[in-house]
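There are two complexes below, and they share chain A, which is joined by chain B in the first and by chain C in the second.
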Partner chain A sequence: MSNSHLFLKPAFITTPGQNGVGRYFCQLQRVVLKFCKNNGSSRGMREFIENKLIDFVKETPEVAVYMKPRRHRTPIIRAEYLNGDTQWVNARNFTEDEILKWLQLLKTQSSDKTGIRLRKLLHTDHPSVQGPWTPYTFRDPKLNLAEFPSPELAGPHVVETTATEELLEMYKNQQIEDVNEKRAE
Partner chain B sequence: MSALKRVQQWATFARIWHIYDATWQNPFKSAEVVKKFLMGLYKPIYHPLNDCGDHVIIINSGEIALPGDEWKKRVYFHHTGYPGGASWTLAWELHTKDPTMILKKAIYNSMDGNLQRRHTMQRLHIFPDANVPKSLLDNVSNQIRQLRPVPTRLDRYTAEEVASYPKLIDYPKDYIIR
Partner chain C sequence: MDNAEYQHKVSKLSLRNGQNYSRSLGQAGNLLSSITKRYSTIIASTPYEIVDEDKETNVAKDIIKKINDQIAQSQEGRLFAIVHLAGKQFRITEGDVLVVEGYWPPNCGDKISLDKVLLVGASDFTLIGRPLVQRGLVNIEATVIEKTLSHTKTHFRKKRRKQYKRIHFYKIPQTYLRINTVKVTGELNNPPEVRGLEKAIF
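Let's look at the complex of A and B:
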């Protein structure tokens, strides 16, 4: 079994300021594309900058995109979010499509999501409208006035009548019938 | 945590005091019932790691009823730890020595042997009769229902009630009641 999840920070799904309810703010503030002008590992990045970067920037005017050429080093994408998070993506040997996909991901997520583990896939600030259970919910109100120990509350719930009780009932009915007959006479 | 949430937390984890009348009840079956209240198993918030057990007061433990011939056959074993320190006590002997012990052991044995068990037992208050200190009785807010109805014994009826009770047959005049 892997224990790698132990190093992940447990977290709940959150959204800053109910983002997306009513209005949406792109949480990505700034992107820095760092690449080399000659190295082969930056080839995809260079192609992305030539072919697709202008379209990307036109689509997302709220994100500031910087480019930083540097010699003989692996290309990376550095993303900064409104909440201060900085995410760093190693773009070594990425194709231009892969870089576009990564940028779309960085653009659409609300913060740096690496290094965290979702404790649950669902989260709500209001788990119950009724309120959490207490020992007093669904409690029989007659218990509030009862004196303990109470002989009425001691015995088990018995729905059926016993043979003795039925016989006594029959006896009572018989007595009443006898009285009625006597009155009739 | 706001004041409302704090009070909500107290309410959810409030300890309830229950009372149980052990008159004429099987202690081993009763243990299964009482255990659920002691450990808080009946609560929807139950989790083995959260401390949600309740207090249970058991009265009239001297009046328990063991099934069959268990008073004579059930044996409680104890060993002092020294050589020859073993002793076997019959249920009726143990009951005469301490009328709460059979019920206490039944409840103790009905629970799993983990670190929590002894703390759970601290919340159990057994009394051999109905004399419970008022300080304990004031806390009680629920009564656990018995497993079996307790019939009234013949010698507890008054002479009038016995005389007026309907009879199916009359004994013959020369019938000798032994």
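Let's look at the complex of A and C:
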């Protein structure tokens, strides 16, 4: 079993240049498609260049696309981002659709994300608007004036009524009913 | 005073038991009961009290008016909201970046408004939805800034003594969202008229 996942670089969310605050800006600067003109492993790349590259370039005028033929070598996609990252994708035996999919991914990324594990899925500059919760939040301010030692606060907070208190309550209810009856008469 | 008139008056005055009321006060109630135990000659306060039926609605109206005034004068300050998005709840304010995991159709540069708002809060007030705050009250806009893949995750299965071992690697699609605005645009407690019911089939 590989241990590569254990050694990923942990990172928080970063966005280059406050992207998206005003408008969105594509972070991919340049793409180089390297391929062989007659090798079989480059067939998908050659088909992509013939059929789909023009459409891709028309869709994304902000990305410069270069092509570099070289003899008897595996085709690769090399992407350069605005922050200086370069990323290679090995495109050996890829079909033209696969290449298009990888290009779309490179286009929508902001940097080389391989080997980076996100620690949090949210970034905020304002972690609390109403103030962080403390044990004294929403408590009775009367507690500020409490004098210690205080037998009331020392013991456990018992909400249940004792049997004596229940009986007293019943007695009082009875009294109220009596009064009501008398008044009704 | 004849009987009917008296009944009328009694119905206006709701009864509350003094002991019950003191219990709800917690610590103070305990103190009170302990005092009454000690000095049994002291009689608890009168079992009758006048309850104003409109008191609570008046308080609510007052609070709603204050919040509406604050929003109208745009003195509410920074707002935060809890939104339900792609099966998860996020606490967001203006300028946040959040990551939606899994396949999600919006593309880079798309502007979307988040409508499933569960809660909106400012430093002075909190509007809690039941379960959502009224539609159109809050305007939350976001921009998709990035679509990428997560790190490679490993799914390893093994059964002992059964010669069974599988290892799978996978990545999850991730979408980064920038929150552009969190604003209260509607009026509190004044929902828009319900329309489109002529077409609905019940």
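Definition applied: the second predicted complex is superposed on the first by the 126 of 185 C-alpha atoms of A that agree within 3 Å, B and C clash if a C-alpha of one lies under 4 Å from a C-alpha of the other, contacts with A are read in each partner's own complex, and residues count from 1 in each chain.
The definition used in the following text is that a contact is a pair of C-beta atoms (placed from the backbone, for glycine too) under 8 Å apart; a residue touches a chain by one contact, two chains touch by 3 or more.
No experiment lies behind these values; they were computed from the predicted model shown.
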{"item": "Partner chain in contact with A:G115 - chain B first, chain C second, else both or neither", "value": "second"}
{"item": "Contacts of A:P149 with chain B and chain C, given as first, second, both or neither", "value": "first"}
{"item": "Partner chain in contact with A:Q130 - chain B first, chain C second, else both or neither", "value": "second"}
{"item": "Chain B versus chain C as contact partner of A:V57, first or second or both or neither", "value": "neither"}
{"item": "Which partner, chain B or chain C, touches more chain A residues", "value": "C"}
{"item": "A:N19 touches, of chain B and chain C: first, second, both or neither?", "value": "second"}
{"item": "First, second, both or neither for A:L168, with chain B first and chain C second", "value": "both"}
{"item": "Chain B and chain C footprints on chain A, overlapping residues", "value": "131, 153, 157, 168"}
{"item": "Contact set on chain C toward chain A in their complex", "value": "3, 6, 15, 17-20, 23, 26-27, 30-31, 33, 44, 47, 77-80, 90-93, 95-99, 101, 107-109, 121-123, 126, 143-154, 156, 167, 174, 176, 178, 180"}
{"item": "Complex interface listing, chain B residues touching chain A", "value": "8, 11-12, 14, 16, 19, 21, 43-45, 59, 130, 137, 140-143, 145-150, 166, 168"}
{"item": "Contact set on chain A toward chain C in their complex", "value": "1-2, 4-5, 8, 13, 15, 19-21, 23-24, 26-27, 105, 107-110, 113-118, 121-126, 129-131, 140, 152-153, 157, 159, 161, 165, 168-169, 172-173, 175-176, 179, 183-184"}
{"item": "For the chain A and chain B complex, residues of the former touching the latter", "value": "131-136, 143, 146, 148-150, 153-158, 167-168, 171"}
